[in-house]
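First chain A sits with chain B, and in the next complex the same chain sits with chain C.
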Partner chain A sequence: MYLILLSIFIPILMGLYLLVRKEYASRGRLLATTCAGLVLTGALAVASFTAAYGSSFTLFYLTKSLPIAFAVDEMSVLFSCLTVIVLLCAGLFSFEYMKHETKEKRYYGFYLIVFGVLNALCFAGNLVTFYLFFEMLTLTSMPLVLHNGSHEAIMASLKYLFFSMCGAYMALFGVFVVSHNSAVLTFSTGGILHAAAGSPSAGLLLAAAFAMLVGFGVKAGMFPLHAWLPTAHPVAPAPASAVLSAVIVKAGILAVVRTVYYIFGADFLRGTWVQTAWLILTLITVFMGSMLAYREPVLKKRLAYSTVSQLSYILFGLAVMGAEAVTGSLLHVLAHGLIKTALFLCAGAIIFTTGRTRVDELRGIGKEMPFTMWCYTIVSLGLIGIPPTGGFVSKWHLAIGSLQSAIPVFRWLGPVILLVSALLTAGYLLPLTIQGFLPGADYDYEHLKKREPSPLMTIPIAVLTILSVLIGLFPAQLTDWLTRLAARIL
Partner chain B sequence: MDFVRNFPCISIMLCLFAGIISSGLRGKAAMLVNAALLVTNTVLSACTLAYTLAAGESFVYVMGQFPAPWGNEIRAGVLESLMALFFCIIMLLSLFGGRHKLIEGVEEGKLYLYYVLMDLLLSSLLALVYTNDMFTAYVFVEINTISACGLIMIRQNGRTIEAAVRYMIMSLLGSGMLLLGLCMLYDLTGHLLMSNIKESVAQIVAEGQYTIPLIISIVLMSVGLCIKSALFPFHAWLPDAYGYSTVSSAAVLSSLVSKGYIFLLIKIIYRVIGFEIYRDSRIIDILFVFGLMGMIFGSLSAIRENDIRRMIAFSSVAQIGYIYMGFGMGTEAGMTASVFHILSHAATKSLLFIAAVGLTDVSGRNRQFIELTGAGYRNKWAGAAFTVGSLAMVGVPMFSGFISKLLFSQAAVQNNTKMLPALIVLGISTILNAIYFMKTVIRIYTPVEDTPYPSMTFRNMPLYAVVLVAFIILNVTLGVSSQPVVDMIRQGLAMFA
Partner chain C sequence: MILLVILIPFIAAALSVWLPFRNRKSWEIFLESAVTLNSILVWYLLLHHSGNTFLLAHFTGNLSVSFRVDGPGMVFSGLVSALWPLATLYAFEYMTKEEHEKIFFLFYTMTYGVTLGIALAANLLTMYFFYELLTLVTVPLVMHTLTREAILASRKYLYYSLGGAAFAFIGLIMIIVYGRSTDFVLGGVLDLAKIGDRTNVLRFIYVLAFMGFGVKAAVCPFNSWLPQAGVAPTPVTALLHAVAVVKSGAFAIIRLTYYSFGTDFLRGTWAQTFVMLVTMFTIVYGCSRAVKETHLKRRLAYSTISNLSYILFGATLMTPLGMTAALLHLVFHAVMKIASFFCAGAIIHQTDRYYVHELDGMGYKMPCVFGVFTVSALALMGVPGLAGFISKWNLASAALESGSTVACFGIVCLLISALLTAIYMLTVVVRAFFPGRDFDYGTLSGVKDPNWMMLVPLFIFAFFIVLFGLYSQPLADFLYAVAIGL
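Our next item is the complex of A and B:
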């Protein structure tokens, strides 16, 4: 119990301390403090989901009917693992990358706070606690977006804020309706609304479920409230973009998982108009995200659009509500998290060494930074879904799950759109590799110089790449575990 | 422990005496008298609250032992003493937080007058809270108006005089309507004591007599108090009055004076007319609609505003709208939410006014947003406090505003016809709030390279910083452990019936 609280509050307090204390005399001290904070928090998070697995406790009561409670279950473990890996890797990368940015202290302060809030989201035990930290996540991650303080960044962060607020409020409406129909809001597998299934308030509850899906879906970049994501993610410093795009958006996914499978229950929503509408929204997003990414010339923006599309793969699997598809979704949560972090870190490394941001300026980049580009290529293949990388396994399960389900039209339309989107994914990721390694005959080899970034940058990228390949090479145990988990929550 | 029953009367009397004594004192001494008065009254109200909580019922104090219908009565229950306690605390904090502005903004020889007015204002607020007699209520409404005008005008420049005149005209219109309504009610019932009027009104309604005069009297009283508490569309006097007066006045006016009138309206609804009769009169629907419109238009005006003080003032219009929307639900839950919002808005709005003045002080007294850039770094305490206030206003969990919103929504879900408009407008208004408050927070935390303005640290303004911390604690406490307060409000409302 104390471990959970420590893993939440230590980073938040350390972050606050960094924010209020005066400038460090040397950069090394700042990095040492931050590094200690990150490692400590990571260790605490891991310790809390190993040692406190299965436990739950109530911290205090916000009002009589609204306890602030924490609990550790399998879903917490999955999302917490991802959070720890990504935040540690991106944190390590920041130490080098942030050399060319200003206001480092503020950046690390909010970075640590976000870590704490993410831990809290993973371990939240009921809907109110989750909502509380969900709002906090928006507010504390906003400074990462507006970090460079330019007009563009401020407008982007405001856009982020308004979309998130809008979504959070829609979700809150759902929370109110649910709390009106259920005495407790504790997450429990299979949902808590069995009694309300046939009652007259079922119609209102379905509307509430839809509001919560769309509202929480804002964080996960789901159409129609996705527009903030491609604006906000690229303006942040690259490691922060990685965190935003790989983990913070997953908070939206976690919110949807918790809402659908732990509050309403799959049986409550299966076969209703909510499921149909949700499937339509996710498929539109998958296609549209890939299409926009394909047309986008700026690398980081392209990756952000790709996030929009990939997250809706996950949402699609969740919307199908079958064991196989949910397994695929959960696997893709992990795969996409690792791959997207690696991709953004590669983009960051390129920007850091060359200062170039547009894809068409990056001809021959593979000759200059071969290691980074190799990693980029390997994880790209993973995102496209080419075996033996992580993305293949998850997409396989998604497609199979969709075909196995009994939903009319969508059972075959889903896989078709997934395939088309995979093709587009190849279309927007691989040109960089092709131009990077094969710049063509007129490329000026005379002025070519090797400029691989420092190990602080390459090691996190390498670690993430290896992990993403390992998931693809040895998926059996992980898949078994996730299949059991999926079967239990359905 | 029965001597606690004297406390409400004593606290009102103390205020009046303090006012009289202060009129013969110099500025500094009057300030001390006022501070002592506020602390004493805080303690007295806390004792009364504890006493009523322990007794579990309200008590009536008969002034001078003259029984009704000749005598004058004071009535104290949980809700009344809770309000009195809150009013005293917030006034204390607001006065201390704005003291440096007061000393520099008010002419040396006139400072004592400010505290005389403040003492009178407190007496009228307490009387409005405690009285059980409609005529006494009217008298203190007038005292309240006069002293509030003085508070606006004490810092003399053209804008404040104009604002005070405007306030005076609107306020007198409101009190006039209240008086007319009161007269009609007296004609109908022959009583001035609240409990007696209520019995007669119930009888009249049961017999089906005087339906139209009764309705007109209710309308006159309600509209009169709405004008005085700046419900949309009667808010035209508000931005100038709050925007240009000295900061303590603005904080006190927005968080206490308008709330005093609203509390009087609550008393009229419960103790004079009767909740059911008031609800069935349909006036409640009109209040609901104007509350909703206020929530939207107040925020829209705030977004357009380029002056931080006037922006906060316009946000008050929206928040008053919330309170009337709660009335408009016509349920116990809605009323509880409104009363809680009175408290939470009072705590937050005074915090915002006090914090804003710290920010403008480190920006060369400019109140335009462009000058405020980076002010949060120059005055860290004010910046942090303003951020907390903004988050509370937007309704982020863990702050007082969230609990208000929660209570309003819970009330809305119970009312089938008004659920959708209430929830939709709540949502829109939340987003609008977020737009202008977050815009300001981002602005004050946008770094600037070389600024001509000096920074403020704890050493320059220890009192100010302490006040801000106290305000932050108050807001977070209301947000984190709201249950006892909500329970007290429920209990207090039950005692009203």
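Our next item is the complex of A and C:
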């Protein structure tokens, strides 16, 4: 119990302390404090899902019907693992990257707070607690988006804020309806609304489910409220973009998982109009995200569009509501999280060393920064879904799961769109590799100089790359675990 | 005792003008202690009330002026008496920059008594009397600066309020004619035998009276006086135009609906649907205007319009839960809105800046004021853990519980309004704390937080916003007890 609370409140308090105290005398002290905070939080998070696994407790009651409760289950473990890995890697990367930005103290302050809030989301035990921290996540991650203070960044952060708020309030409508139909809002596998199925309020509940899917889907960049994501993610400093694109959006995924499988229950939604509408939205998003990424010239923006598309792979799998597909989705949560962090950190390393942001400016980059570009290429292959990297395994399960299901039309349309999108993914990720390593005969090799970034940047990228390859090479145990998990929540 | 708490503010106000005070300090101390003493008396009265009716004057038949402490009266008078000493403290500091302080405080303190009169009135006639009086004593406050704009605003305020009271008067007459008495009785006093087949006429009269009292509660289309009246000094806008005056309107509507006409007579009829739609429209309309408005105090005034209709929406659900939610939002909104208005006032007092776009970067110069403003903004948006969420949650569950389709759409209106609230409040916060990298802090040199007389009320309000957000069950239970007949 204390571990969970500590893993949430220590980073939040440390972040607040960083925000209100005056500037540090030296940069080193700031980094030391932040580093200590990150490592401590990471350790506490890991400790809480190992030591407190399976436990649950109520902290206090806002009102009689609104308990603030925390619990640790398998889903918490999965998302918490991802959070810890990504936040630590991106945090390490920041130490070098943020040299060329100002107001570092504010950045690290909010970074730590976001870490705490993400932990809270992973360990939230009921819908109200989840909603509370979901709103807090929006509010505390917004300063990361507007960090550089340009007009563009501030406008992007407002767009992020208002889209997220819009989504949160749509979801809140659903929360109201659910709470009216159920005495408790605790997450439990298989849902809590068995009694309401078939009752007169079922129609309203379905509308509520749809509102929650679209509302929470805003964070996960689902069409039609995806437009904030490609605006907001690229303007943040690269490590913050990585965190936004890899874990903060996953909070949207976690919200959807909790809503569908822990509140409504798959049986409640299977075969209803909600499932059909949801499938349509995810497939539109998958295709559209890839198309937009394909024609986007700025690297970070391209990656952000790619996030839009990839997240809807996950949502598609969840919408199919079959064991195989959900396994694929959960695997893709992990794979996409690692890969997208690595990609954004590579983009950050490139910006940091060369100052170039557009893909067409990056001819010959592979000759200048071979290590970074090798990592970029390997994880790109993973995102496209070429074996033996992580993305392949998850997409395989997604496609198989979709084909196994009994949903008319979508069972084959889904895999087709996923494949088309994979092709597009290759189309938007690999040109950088090709141009980077094969700049062409007229490339000026004379002035070529090696400028690999410092180890603070390359180590996190390498770690993420290795991890993403490892899940691809040895997926058996992980897949087994996730299959069991999927079977239990269905 | 009841009469005493209503009269003390009048006496204190009169003395504050006539007594020869040696200096400003002793005058301040006199007024502040009189107001505080009165508040203590009010709370003593509330905690030890006997439920008896105090008859002051008997005219004829069932017309009398009498007072009584009952549930809603306790809530409203308790709220007002808790806020008044703090607002007075704040006003001392604020008014140092304005003229004619003594006249200002004369009317300001008298308003306290009048508002308590409304809260503690035992029948419709008494309430109506104090309701009219409230208009008259607050007009000079709106007019205070004596600029052309202020005079126009106060004239508009006067016409709107008096016009509204005239419609309310029709309701009063109907209650006298068709009611068993004019006393406030939960469940209403209408005598169905007397009404016969004229039920729809009476429902029409209810709608008229609703709109009449609704003028003070700024329901659409009678809301335009409120933003204009923002020309008054901030203590007036904050306390009167966010709490005392406008909530008197909402309070009167609760009295009218639950204690005079009775919910059984109205529930499920076209009259309920009509007033509910009016409040829903006002909720969205107020917020949209607030988003468009760039003058900070006027923006907050539009936000008040929208939030008052939250209260009225709860009231028009005509169920005990609806009334609980309405009273809960009545209390919470008072605290949240007075906090944000006081912040706006502190900004005006310290820097003479009125418009949202002038607030860039001020968050670092006035951290306390903008900290409290942020808390109140988040609370108004309904972020969980703060007061606004609890009242919105109660409103929404009451709406769902009532089971009507219109009420379900009401929830959608609430949520749209919450989004718009996020837009108009957070743009201010973001501007203040994140002005952008090209911002020149030199333009803000010399800007700093105000002194303790302004900060103490702000911190107290912020504390209560958080407290109510985290722990409000006893209050909610008490209000529910009120709604089922305390």
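Simple rule for what comes next: the second predicted complex is superposed on the first by the 490 of 490 C-alpha atoms of A that agree within 3 Å, B and C clash if a C-alpha of one lies under 4 Å from a C-alpha of the other, contacts with A are read in each partner's own complex, and residues count from 1 in each chain.
Criterion: a residue touches a chain if its C-beta (ideal position, glycine included) is under 8 Å from a C-beta of that chain, and two chains touch if they have at least 3 such contacts.
Because the structure is predicted, anything quoted here is derived from the model rather than measured.
A.B. asks: Overlaying on chain A: chain B and chain C, fit or clash?
C.D. replies: clash
A.B. asks: If you stack the two complexes on chain A, which partner ends up touching A:387: first (chain B), second (chain C), both, or neither?
C.D. replies: A:387 contacts neither chain B nor chain C.
A.B. asks: Scan A:203 for contacts with chain B and chain C and give back first, second, both or neither.
C.D. replies: After superposition on chain A, A:203 lies in contact with neither partner.
A.B. asks: Considering only touches as defined above, state whether A:149 meets chain B (first), chain C (second), both or neither.
C.D. replies: Once the two structures are laid over each other on A, A:149 reaches both partners.
A.B. asks: Mind working out whether A:139 is in touch with chain B, chain C, both or neither, as first, second, both or neither?
C.D. replies: It touches chain B and chain C both.
A.B. asks: Based on the superposed arrangement, let me know which partner A:161 touches: chain B (first), chain C (second), both, or neither?
C.D. replies: After superposing on A, A:161 lies in contact with both chain B and chain C.
A.B. asks: Where on chain A do chain B and chain C both make contact?
C.D. replies: Shared contact residues on chain A: 60-64, 66, 128, 131-132, 135-136, 139, 146, 149, 154, 157-158, 161-162, 165-166, 169-170, 172-173, 176-177, 179-180.
A.B. asks: In their complex, what parts of chain A are in touch with chain B?
C.D. replies: 20, 60-64, 66, 103, 128, 131-132, 135-136, 139, 146, 149, 154, 157-158, 161-162, 165-166, 169-170, 172-173, 176-177, 179-180
A.B. asks: Quick one: which bits of chain A touch chain C in the complex? Just the residue numbers, please.
C.D. replies: Contact set of chain A toward chain C: 60-64, 66, 102, 128, 131-132, 135-136, 139, 142-143, 146, 148-151, 154, 157-158, 161-162, 165-166, 169-170, 172-173, 176-177, 179-180, 204.
A.B. asks: Considering the complex alone, what residue numbers of chain B touch chain A?
C.D. replies: Listed in rising order, the residues of chain B that touch chain A are 380, 391, 394, 396-398, 403, 406, 409-410, 412-414, 423, 427, 430-431, 434-435, 438-439, 442, 446-447, 480-483, 486.
A.B. asks: What residues of chain C sit close enough to touch chain A in their complex?
C.D. replies: 378, 381-385, 389-390, 393, 396-397, 400-401, 408, 411-412, 415-416, 418-419, 422-423, 426-427, 430, 434-439, 469-473, 476
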